[in-house]
Structure formats: C-alpha cells, structure tokens
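There are two complexes below, and they share chain A, which is joined by chain B in the first and by chain C in the second.
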Partner chain A sequence: MGKPKELRILYENLDVPDMHTIEVYRQHGGYKSLDKLFGMEPSDLVDMIKASGLRGRGGAGFSTGMKWSFVPKDIEPKYLCANADESEPGTFSNRYVLERKPHALIEGIINACWTLGIHTAYVYIRGEFTLGKVRLDAAIKEAYANGLLGDKVAGQDFALNIYTHAGAGAYICGEETGLIESLEGKRGQPRSKPPFPAVQGLFQKPTVVQNVETLCNVPYIVNNGVDWYKAMGSVYKDCPRGTDPVNSGTKLYCISGHIEKPGVYEVEMGLTANELIELAGGVRGGNRLKAVIPGGSSAPILTPYECDVPLDFTSLQMAKTMMGSGGVIVMDETVCMAHALTNLLDFYAHESCGQCTPCRNGTPWARDISKRIEQGLGEPGDVDRLIEVANNIANVDTFTWNTICVFGIAVSWPAVSFARKFRPEFEAHIREGKCVTLPVDEAVTPPEENYAWPQALAEAAQKPAWD
Partner chain B sequence: MAKITMDGVEYEVSDGLTVVQASAEVGITVPHYCYHPELKAPANCRMCLIELTPPGAPGPIRQLATGCSTRVADGMVINHETPQVKAGRALSLEALLAHHPLDCPTCDQAGECELQNFSHQFGKGFGNYAETKKTPPRKELGPNVDIVATRCVTCTRCTRFTEEVSGDAVLGLTNRGGKNEIDIYPGIPLDNKLSGNVVDICPVGALLSTDFMYKSRPWFLDEVDSVCTRCSKGCNITVEHRDGETARLKPRFNEDVNGFWMCDDGRYGYDFVNSADRLRMPMTRDGDDLVACGWSDVFDRIAAAVKDVGGENVAVIASAWSSNEELHAVRRFATEAVRTSLVGLLSAAGDDDDTVYPGFTIEKDKNPNRTGARLILGEEVAEDAAIWEVLKRAKAAVIFSGMPDAELSDDAVQALEALEFLAVIDTASSALTALADVVIPGTTFTEKDGCFTNSQKRVQKLNAAHGPLGASMREWEFVKYAAEALGADFDYTDDASVTADLVASTPAFEGVTPEAVGERGYVLGSGEAEPETNTGNYAYAKMFWK
Partner chain C sequence: MSFEFTPENLAEFEELVTHYPEDYRRAVTLPALHLAQSQEGWCSPGVMEYIAEMVGTSPAQVRDVVTFYPMFFEEPVGKYIVRVCHTLPCDLCGCAKIKEHLCEKLGVGMEETTADGKITLLSTECLAACDQAPVMMIDDDLHGLLTPDKVDELIDGLE
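Our next item is the complex of A and B:
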C-alpha cells in the first residue's frame, strides 16, 4: 500500500451544498439502487449481502448477511431498527450522515426492508443529534412526498413506513436490546439473551437492529455488485477458528484527540493505525504518540509499539482489541493514563444501567480505585485490585462476562488494558503519592512483559467455533 | 419428563422447568435473588450461574448461562460446581455485599436472609471492597412496608411484583447504575391489598413489614400450617407464633389456591388473636355487668333456659367462621340436644365483588367456611339478614360467633333484645356479647385444629399454633358439655373423633381423611386425593419459600 488516502463511498458528495435534500441527493445518483433492488428476489439479496462480506459497523462486526438469514420468514410483523444512537465516546461518523446525507440512510433502510420483508422501520436517534433528527425527519417527509415511502414504495407493491425516535441520553440504549426496550417505552435496560432480537425483538417480534453505517453500505453493494465491494478491504488466511477473515469495504474512522486534523476519514479497511494517524496529519505539534484507542472508548488501548496493526475487524480481534465503532482516540505524551482511565470509567459508571450485579457495583468500584490512584491516594496492590475488579465484571483473559450485556466488556477491556499496558505509570502514581506523567518509554509496560493476551487468544481459538 | 444431566448425574425432571426449579426438584440449591417462578426472569442478579451444554452441542458454552432463564430440555448437560461457576457466584456475592451495611444484628431478616444463606454456602468468606459505601436513606414506601435501601440488592422482584401481580406498578427504580434505588413515585405510596407480598419476596432485609418490625428474631418463632380466615379463598398460610401469641402470618405455596401470595387483609388481619379484649373466662350477666363464673354455671343456665322456653323455641346460630367440625357439632347440638329447627348461620358482611388483581383475586365472601356451613347445615339454612327473622321466632338463643368486628343492624339488636335468654360464644367483647346473658370464651383459628372448606369446596387443614386462652375451651368441647347438660351424649374425645363423626354422618364429606387433606387440601366430591408432590414449584417452595 502506498501513501494512505481516503476512499469516499458513503461520504461521497457529503460536502455538496443541500445534499440533505432529495433533489440534490438524486442529482448525485441517490436512490439509484431501487431500480435494481425491486428486480431482485429477497433471498438472492440476502445471499448477496452474505457474499459481500459486509460486517456490522456498530461494534461487534457480525456478518450482516448471516444475521439477516436468521430472521424467520413466516412471522409477521417484523421490524427494522436503525441504530443511530451513536454514543460511543470518540465516535461521530453517523452524525454526519444524518445531518448531511440523510437520504442515504433512508435508501439503506428501503434496501434492507425489501430484502427482509419488513414494512415498519424505526430510526433510534441519539437525543443530542438535534440537527440530525431535523434533517432526517425532513428527508423522510420528502421521501413520502416522492413516493419512496408509504403504501407503494417507488410504485412497487411494497409498503414501508419509517418512524424516528429520539433517545433521552443513555449510552446503553445503543445496545440493541436496550434500544428495543427504550423504543417500547420502557427503561433502557438490555435484555437477557437468548432470545436474540432476530427471533424476539421489538414488541416480541423478529427485529433486525443495524447501525446506520451498515445500512448505508447496502445500496452500494446492490448497485455495484459483490465483486466491486469485495475488492475493497482486507482478507486474511490462517485465522484462528471463530475469527471471520473477511473485512470488505470501506470504514468511517473517526479520529480525535491529540491529532493535527481530527475528523472522519473514509478509508479502505486494512489501513494501519500509524497510517491513519499520518493521514490525519500526525500527532499534534509533533509530540510523541503515547497511546491509541482504536475502536471507541470500549476498545482495549494500543501502545505505540502496537500501532502497526491494521485497523480492521480481524486484525484488531487478533491483537485482542476491537474495531468497535471505528472511533480512534489518539493520546500524546502529555496524557496521564490514570487520568484518562478515570475519565473513561467515570463515563461508564455514569452510564451503567444498574440492572445486573457485576456491572452495577463493579463499575463504580473500578472507577473509585482508578480515581484514588490518579489522586495519589493509591495503595500498593491497587493496580492488581483494579485489574481484578474489572476482570470480575468481564474477564478479558477468558473472553467471558458475567453481565447481561456486553457493557461489562466495555468497562473491563479499557480498565484492564490501561492498567496492564501502562502499569509503570499507574505504579508511579502510587509510589509517589501524586499524579505523575512518565515519558512514553517508561510509561509503557515493555512489550515482552506485555500481558498474556496472545496466548489466551490462542486458547480461546481452540474452543468450538459455534458459540 | 425431560432427561438431563446435572453434575454428572442423570435425572428426570418435569418438563418446562427452569434450571433453578429443576435443580430444586432433585435437591440441588441454585442460589438466586432476582428469579421468582411466578415473575419474569430478568437474569440480573447473576447468582444462578451454570455451565450449560445445550442438547446435542459438542461441549459447554464458553459463557456461563443463568439457571433462571434457561429451561430444561432433553439431553441438556448442566454443571453447578465448575471452578468458573463457583468463582462467578462468589464474585457476584462480593459485588452484592460491597455496599451492604452488614447490620445483621439489628436486621429483621437475619436468620431468613438469602444474602446470609448464600454467602454462607457460596460466598468466598471475605470481600475486597475498600471504597466508600453508599448510604441511601431508609424510606417509608406505604403503610405496611418500609425500605432499608442500604441492604437492597436491586433484584427488582418487588418492582416486577407490582407490575405483574398487583398491576399498579407503584414500585420502580429511580436513578441509574450504582445509584439506582427502589422507590415509589412521590405521593403514590405502596398501598394495595397485596403490598405485604413484596416483603416476602424480598430476598434480603431491604423491604420490611412494619407489622413485624423488631417483634421477634425469626428463629424464635415456631410455625404451623394453617388457612387464612379473611375470605372464602382459603389461602394456605403459615402461622408463626411465640409464647402463645401469633407473631405473623405468611403465605404457604399452594398452586391450586393462592400460589405464593396472600392479601394484606389476611396477612395483617390476625390482630384479634392477640387482642387485649380477648375473653378468657365464661361470664354471666348480673344486671349491667358480666361477671366471671365457672363452667358449671354456664351449662346450668343454658340447660335451664332451654327447659324454660322449650327446645323448639331456642334458636341455634352457627358461625361461618367455625370449622367443619365445629359446625357439625353445632348442628348435632341443635337437632339432638336442644331439639330445635330454628337454625341460622351468622356471617361477616362481604364485598359486592371480588377484588381482582392481574395475578391474584381476593374473594368477596369474607367468611372462611360458608361453603362448609352450607354443606353441613343444609343449603336452605337462614343466612345473613334472614337469621334475625329466625331469632324473632325464638324465645332464647345460643349464638356462635368468633368473627372479629361483627356489626349488628338495628333489626338485629331489636331481635336480640326481645329474647328471654341469649348465650354467645365469641373470642372477644363484641356487640353480641354486650347483649348476652351468658358469654362463653371461644377460640380463634390459631388455637384450634379442624378444617375449613373454601369456595372451591376444598377442605383444608388448620393446625392449632397455641392453646386456648385462659379458661376457654374448644367449641366442640363446649358443645359436648352443653349437650350433656341437656341430656344428650356426644361421644367426642378429641378433634379427630369429631372429624370422624362428621365424615360418617355427612355424605358430602366422604373421603375426607387427614391423609387426603394433606398439605394441599381435598376437593369434596373429587373422588381421590391429589397426591402430595415434590415437583415444580412445590419443590421450589420447599427449598426457598420459608
């Protein structure tokens, strides 16, 4: 790969004035996919999406086509929920779609609904996205007026209605079952799974919950075909069992923090963290890089030594972190890691729904320990205690969790990875009894001592792949 | 039946059970807080962790499953004791105890607390929590229930109870995450007739009954199985008592009658048992006063009165609060000793309609044994207001009451005042005893053995928790001696002999034996007794519902 460059597909024409109107959107090729879409059989479409290797962009990276194939065909009604509750710290790519190209989402929803035989779709929008909701509501209105929604979508014998719903400001409502509960008018608390939403979701009916970015990819695949889509991205051989080797398409990386040109960059998957930083103008002021969070605040942190990892689902999973939402947070040498972790854990302690025991009591506990360390009130053994407490919520070594939802992982992964990978800096806080920011080389645990993750990963890979 | 393997042993368990229930059925304790068989399972306490191999799977799922939300299926393999399961449970317990004040010495729940029990059995014996503990305030949720929020484990059984069973959803969680608390909406208290149940289902000492508060350590209480008297439903209960006083009533599981629940009318409606107004001695009237007397005076005066006015002019009024056995004795007393046809049935005033909650119904008839009385005294027996007409035709009367708070209409008072002689058997001073010439102390339901017949015609057993108060005797004994004074001979030696006499002489009660009645009751006319069972929720109740 030469010099890294952007490859705009979803974000194509994002900056064209009035792109949020149907007129301009159509002038730039919008809604073209519908011509092909309605000529195809839904089952062929599911196969097509499966073959394209499209993976859910919300965080877990599950094969979209596979998920769609689980949806029962004979149960009516079914629902689609577009997850626009973009609340992972460090992530802001969906927001621009909603604000500047809302018709792309509508087109994606029409594609998905035709494929799955769904006639009702909900868009769950983060409450803070005021402009995004205004623009999307206006776009939906335009789509109805232009015969693209309603009883006969684009003149076809196919009804589809889209409703928008603004969240009230809870991170956990971005979790698919938390979203469903909230959409049903209940307290936003994730459900115990199984049953999964594809079987029993919204109003106990089969429900597909997809991230905005995932849905926006679908029309391009329908339009341009599987081969075109698969040509982008990275594919691996010799992956451990249970690891999906295909990473097709582009990804919207949201790069923020101590970076010269923060923002959303649409790039082919497979670009490394270092290349992305280079693309975004490098670390601010030429400072040294101290750490990178690769996929939103829940993803385990990377040390500067690990930043040559390609930013795609497979590589990041192999590196025991995750692609997550693609929110890349860059930290330079001025950052106190104890402070950064306390900040993150404070967020999680605030956002834990409080439903299940390990998370309800464990998250504030981890936060309190981290805070004590940061304030210089830590005691010997506190780093191990912090790791233990976090691991008790969700064990990063065995990749198991005792919680109802994966929020537990979102807490323990950063906590454990910070404490293990930057242990010298945490220990320095305790030793000196005050906040200490060590130089990068001293702050990082030497790579050879760096946690037993690769081995644990190899063991996990030996487990049967079906779970 | 489903064939499953648990901890390496093959079992056959009932179909459709959760793993928690199925384990209870075979005697394995799966610790849990949030799960209750009659409520939805949110799987939030993370205590009932199991290692699960679904039928046909090559090996266990890497994630631990929850026994509350997993239903057994043929071929399922479950392990309760793997290191991962043990660690998971212990860690959940540690987290649950992190903010707990450990105030067991002053906690009413101590001794019957699942936090204590499961910590003892499944905990790791120490906790690492060294941060500041939360100290949410103690709050009054309603007239009968307080919350000591520091002890709460946020299992949400109580909120789900108000959503699913009482249906008013007055309890909910306020705040989020570690700060969440069970609370009511300001100004809308927990004040429905099922509120006491939330105290029962609270696995810890967070929800407390204001009625029982600081009354007794639970381990000092003795308990007997009994039946609630406050309506014709006949909820199965446990009477917990100490030193001759009833301390509290708790519902006892019966799938066919009350499930796990009982209403507050019944639960707190035992105050008359311990009332200071209870009668302890027989009394006779001397002018305006009732004066304590000996039993022989009582029998002499009754015999004299019957002789004076003639047996056919004496009304015998039985009570719908009496047991089948007492009613039978009273019937024989009327027909064989007094020799009268003036018989009536005194009953407490009922409601216009049943009180129906989504998960429980309180019946409108506020008498525990009207069904039994009709079967024993005959369907045509005078009831309610009609008994005052019976009394108007009589010159003397013997009235059995035993129901608390009986009120008399003007019509009734008029009829009673016109009598030449009135003997009343009651448990406490009442409107009836105020008009009586002879007052006989009676026994409450906690002081007698016998059976009630509920509205389903289910005969259910009462057991005496404590003995008759003072000089009072059980009603059948009183009847036996009163009959003797009138020259009749009832061959009663104990409670069982009265039951035997009832069954022998009343066809409707055919098949009623102590074995048939058992713990679940016997439906009259059903032919055969339901076998005692230790499956499903019965097994669950035995293990966890005490």
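Our next item is the complex of A and C:
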C-alpha cells in the first residue's frame, strides 16, 4: 500500500481559469449528469443514492439516500435548502466551490430536485461569502439563460427555480431548523424536533436541507454509477450496532493551524490524521504535534497518540469524536491548551442562540472557568467543575442534551475532551498560578486513559489501496 | 429619521419578494435588511419601520431579527468595515498581533470607529478561510496571510 494522495472529484478542475462560468464548466464535462438523470425514475435514483453509501457531509453523516426516502411524495410544494452557511471553525471547502465552481452546486441541486420532485430550492449562503454569492448568482443567471433552470429544465417537463438567500453572520443558522427559521425571516433559533424538516420544514412544508458538498457528490454518482462511487473510501466489518460501516467517496478535508501547507485536500475517506498531516507538508517548522481537532471545532480533540485513527465517519465515531465538517485544526507544541479551549468557548458563548438556559448560561460559564485557568486564576477543582458545567449543557458520556439542538453537545465535546485529555496542563496552570505550556508528553493524559479507538477495528478495515 | 428605498433598490426588493410564497412575505426580511443597510449604512429605526411595513410585519419583529444577526448594525458605522477573524485557526496563526497592530494604527479599540468616521474595526468569528489565516475582510473583500506590513498597505490604500 502506497501513501494516500489527493483524488480530485468535486475539486477537479477547480483551478481552471473561468471555471465559474457555464462555458468553461461545460467544456470540462459539466451538466453531463442531466443526460442520464432525466432518463431515470426518481424512485430508482433514491435507491441509487442509498446504495452508493453517500453520507451527509455537513456533520451528522446520515445516509443521504435514507434521508431522501423519508420525503413524502404526495405533498406539494416541497423545498430543498442547500446549506452554504459554512461557519464551523476550521472549515472552508464550500467557499471554494461557490467561488470557483458554482455550477457544480447548481448541477447537484437539479439532480436532487428531480429525484425528490422539488420545484423550488434555496441556497442559504453565509453573509460573509460575498464573492461566493456574486459568483453563484451569476451562475444561476447563466443556467436560466441556458435553459437549465426555469419552467422546462433542459427541455424536460420539469420546472425548477433556485434562489440564493444570504445569512447575516449567525453560526447557528447552519443547524438545519435554525436555517429554516432564518429563511422565513426570523431569528435563527432551532426548532424542537419532531416534526423533522422532511415532514414539516420550510413554510411548514416537507423540506430537505443538504450540505453543499453532499449535493455536489450526487451528479458524479448519477454519472458514474454506484460501483464506481463505492470503490472509493473505507468499509468496516463487525461494527457495533448502530454504527454505519460505510464511508463511500472522497472528502474535502480542510487543514489549518500549525501546518506547512494549509488548504483543502480531497482524498478518499480512510486516510489517517497522521497521513493527512504528512500530505499537507507536516507540522509547521518541524515542530512536535500536540493536538488535532478532526472535524471542525465541535469535534472532540485528538492527542498525538490518537492520530492513527482514519478520518472517516465510522472510525471517528468509534474514537468518540466525529468527522463533522472535515475541518482539521492542527496544533503544535507551542500551544497552551487552556488558551485554545478558551478561544473556542468564547466562540460558542458568542454564537449560542440564547433559547435554552443550559446553553445560554452554561457556555459563558464554562468559558469563564477555562479563561481563569488560562490566566492562572483557577482554583483547585476547576477542571472537574468545567467538565461538570459542560456535561450539564449536554452530556458527552450518555450522549443526551438539555437543549433543543445539538449546539449543546458542540460546546461540551471540545470542553470535556480538552479538559480530560490535556488535564495535566490544565492542572499545572492551577498549581503554578500562571499560564504554563507543558511539553507534549507531560501535557497529555496517558494514552491508555484516553485512547478509545479500538485497534481491532483497524484490522477489520477495508481501507482504500492507495496506488 | 425616515427611510425609503431608492427606485433601483425598490425594484430589487420587488424582485426579491417573488422568491418566496405570497403568504410568507416575511421571509424577505433578511434580504431586505441587507439591501437597506447597503443604502443607509446601518439599520436605523427608520429602516426597521420601513422594512416592517414593506414585509408586512411589525417594527418590533424586524428589530428582533436585526438584534440577532451580527452583520446588521444597530448603530451608525464608519465608511469602511474592517472585520478581523479571531477564532482558533486565525488565533494559532497570530491574529492577536494583527488586531493589536490595527488598534494601534487606527487609534481605536476593537468594536470602535475612528474619530473621522472612516473605519469601524470589528473582531469577528471564523470567516471560513482558515487556510489563509490570519484573515480579515474590508467591506466585501477578503484578505488573507496578513502581516503588519500587508495590513498597513491595505489600510493606507483606503480613500
């Protein structure tokens, strides 16, 4: 087995000049999926996506085909919302799709809407993506002018309109029901579920909210078939019940922080965190690795001892963290873990929508504890207090939350994992009454106490054969 | 402080309304506020009253929206908006220095406007460009891989 390397599918030709125009996009095979798409029955397409093993790239990793099969056929109208509110710290792959290859998203939306019998789609795009919105709006205009949107999409008896809708700087609008509320012209406060959006979503109608990257995968599956798609990625045998063992396709890994060559790397799922770091040129200046956040800031942190875990949905779930958005944040030996956690909790304290008391009050409380530890003002017992406060927003051990949405667990996951896995460094701050950055080996809780990823799973993995 | 759309913006507003079902006219609130803010510079009480009337809701409901979203300004701001990202990837790549440099250069603190009303300096959450960290936006334009020298060049270039 060789080393993992980039395999550009979604990002293919991303750097070709004027790829954002329909002319260049078509010259490179764009919109080819429509020839096959309209020859297929929608129900067959749902089965196809289900069989492909495509999983939602926004964070939860739920089977896209399964999600689509929940959408009622007999209710009109239905809506599709493309989630382009990319706000998870450490994540920036959708930005480049929107700016450089916006027609790929439009093609994905056409595929999804035909499959689901949807005639109106909204792209909820974060307000700060100004160039992305300009490019996407221009691309939509071109698509109308070329007969790919409107009353008769590609000459078929099928109508589809796509509208962009800009957010205004609120992270929580990336949560699917927060997004729906925001689209309806309200504060982006998530709804209680059920009812789920597939039953009652935007404007009280059945709604599918789907991440940009997920949608962009669909035309490639329609074009090249299930077998082609399933040949990429990793599959596991003997997984615990409730764990989806299939991780088909590539993933747009975003790597940032203390790394030589930060950027988006599209690779078949299943390479390890260490392999991705190597692919991106290694840790900055040859420094020692201290920690890696594998899936956007909400994902529980990994110590250097855990970085042989494959970056796919199944393995990261087994390692008690998550694939999330694929935002990989690398930290080297110079980082003070209390400082890093305070920074993240500051983010969450600012972004809590304020609906649920445990989150609204608990998040700043956790932030304050972390901050006073960082400043050398922590008291004995503060590390446990931090864990307890966070676990009372959402409990990472029982996986239950005292909040309406999963924002709560997105707070307690980093808080608890930082505090547990880097406990010696947090305790040193309290003991010495000042900010202390310990050497990596001393900062980390011994691996046997925090390492969750079972080696047995590694042996059962059918990983891609890099060649 | 009354407000109304310019004829061009009114036409754009009317077009935006058609994007949403007739019985959910309120859905146009966010796009309408973006449009109004681009004209007025901020979401003044006059803007909120006008938008409420245009989308068929109450000024209180529009204010409810304005106060939730960081990109809508409840107070007048400078001619240019400078947003510096401070979230973890930018923090790891030295955004504290960039913020310090900007404050010193402009003679203001974060979340403040220069005395001449030219620049409002804001600290912002992740801008989703972590590969270019540290980053900032000046109005609609993103600038990455910032150094104090690059910041000087960008700020000095503003008219």
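Note that in this section the second predicted complex is superposed on the first by the 449 of 467 C-alpha atoms of A that agree within 3 Å, B and C clash if a C-alpha of one lies under 4 Å from a C-alpha of the other, contacts with A are read in each partner's own complex, and residues count from 1 in each chain.
Definition applied: contacts are C-beta pairs under 8 Å (C-beta built on N, C-alpha and C of every residue); 3 or more make two chains touch, one makes a residue touch a chain.
Bear in mind that the values here come from a model prediction, so they are computed numbers and not experimental data.
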item: Which superposed partner A:S297 touches (first chain B, second chain C, both, neither); value: second
item: First, second, both or neither for A:E128, with chain B first and chain C second; value: second
item: Superposition-derived comparison: chain B or chain C, residues of chain A touched; value: C
item: Which superposed partner A:A170 touches (first chain B, second chain C, both, neither); value: both
item: Contacts of A:E351 with chain B and chain C, given as first, second, both or neither; value: both
item: Touching partner for A:V264 - first (chain B), second (chain C), both, neither; value: second
item: Contacts of A:R360 with chain B and chain C, given as first, second, both or neither; value: first
item: First (chain B), second (chain C), both or neither touched by A:R187; value: both
item: Which superposed partner A:F203 touches (first chain B, second chain C, both, neither); value: second
item: Shared chain A contacts, counted only where both chain B and chain C touch the same residue; value: 170, 187, 350-351, 353
item: Chain C-facing residues of chain A, complex; value: 86-92, 94-95, 122, 126-131, 163, 165-171, 182-188, 203, 254-258, 262-264, 293, 297, 327, 329, 331, 335, 340, 343-344, 347, 350-351, 353
item: Complex interface listing, chain A residues touching chain B; value: 170, 187, 189, 192, 349-358, 360-365, 368-369, 372, 385, 388-389, 392, 398-404, 460, 463-464, 466-467
item: Touching residues (chain side chain C, partner chain A) in the complex; value: 19, 21, 24, 26-31, 33-34, 55, 57, 61, 64-65, 68-72, 83, 86-89, 91-93, 124-133, 137, 140-142
item: Chain B residues touching chain A - in the complex, by the definition given at the top; value: 41-47, 49, 57-59, 61-64, 66, 69, 84, 88, 91-92, 94-96, 98-99, 128-129, 131-132, 153-154, 156, 173, 175-180
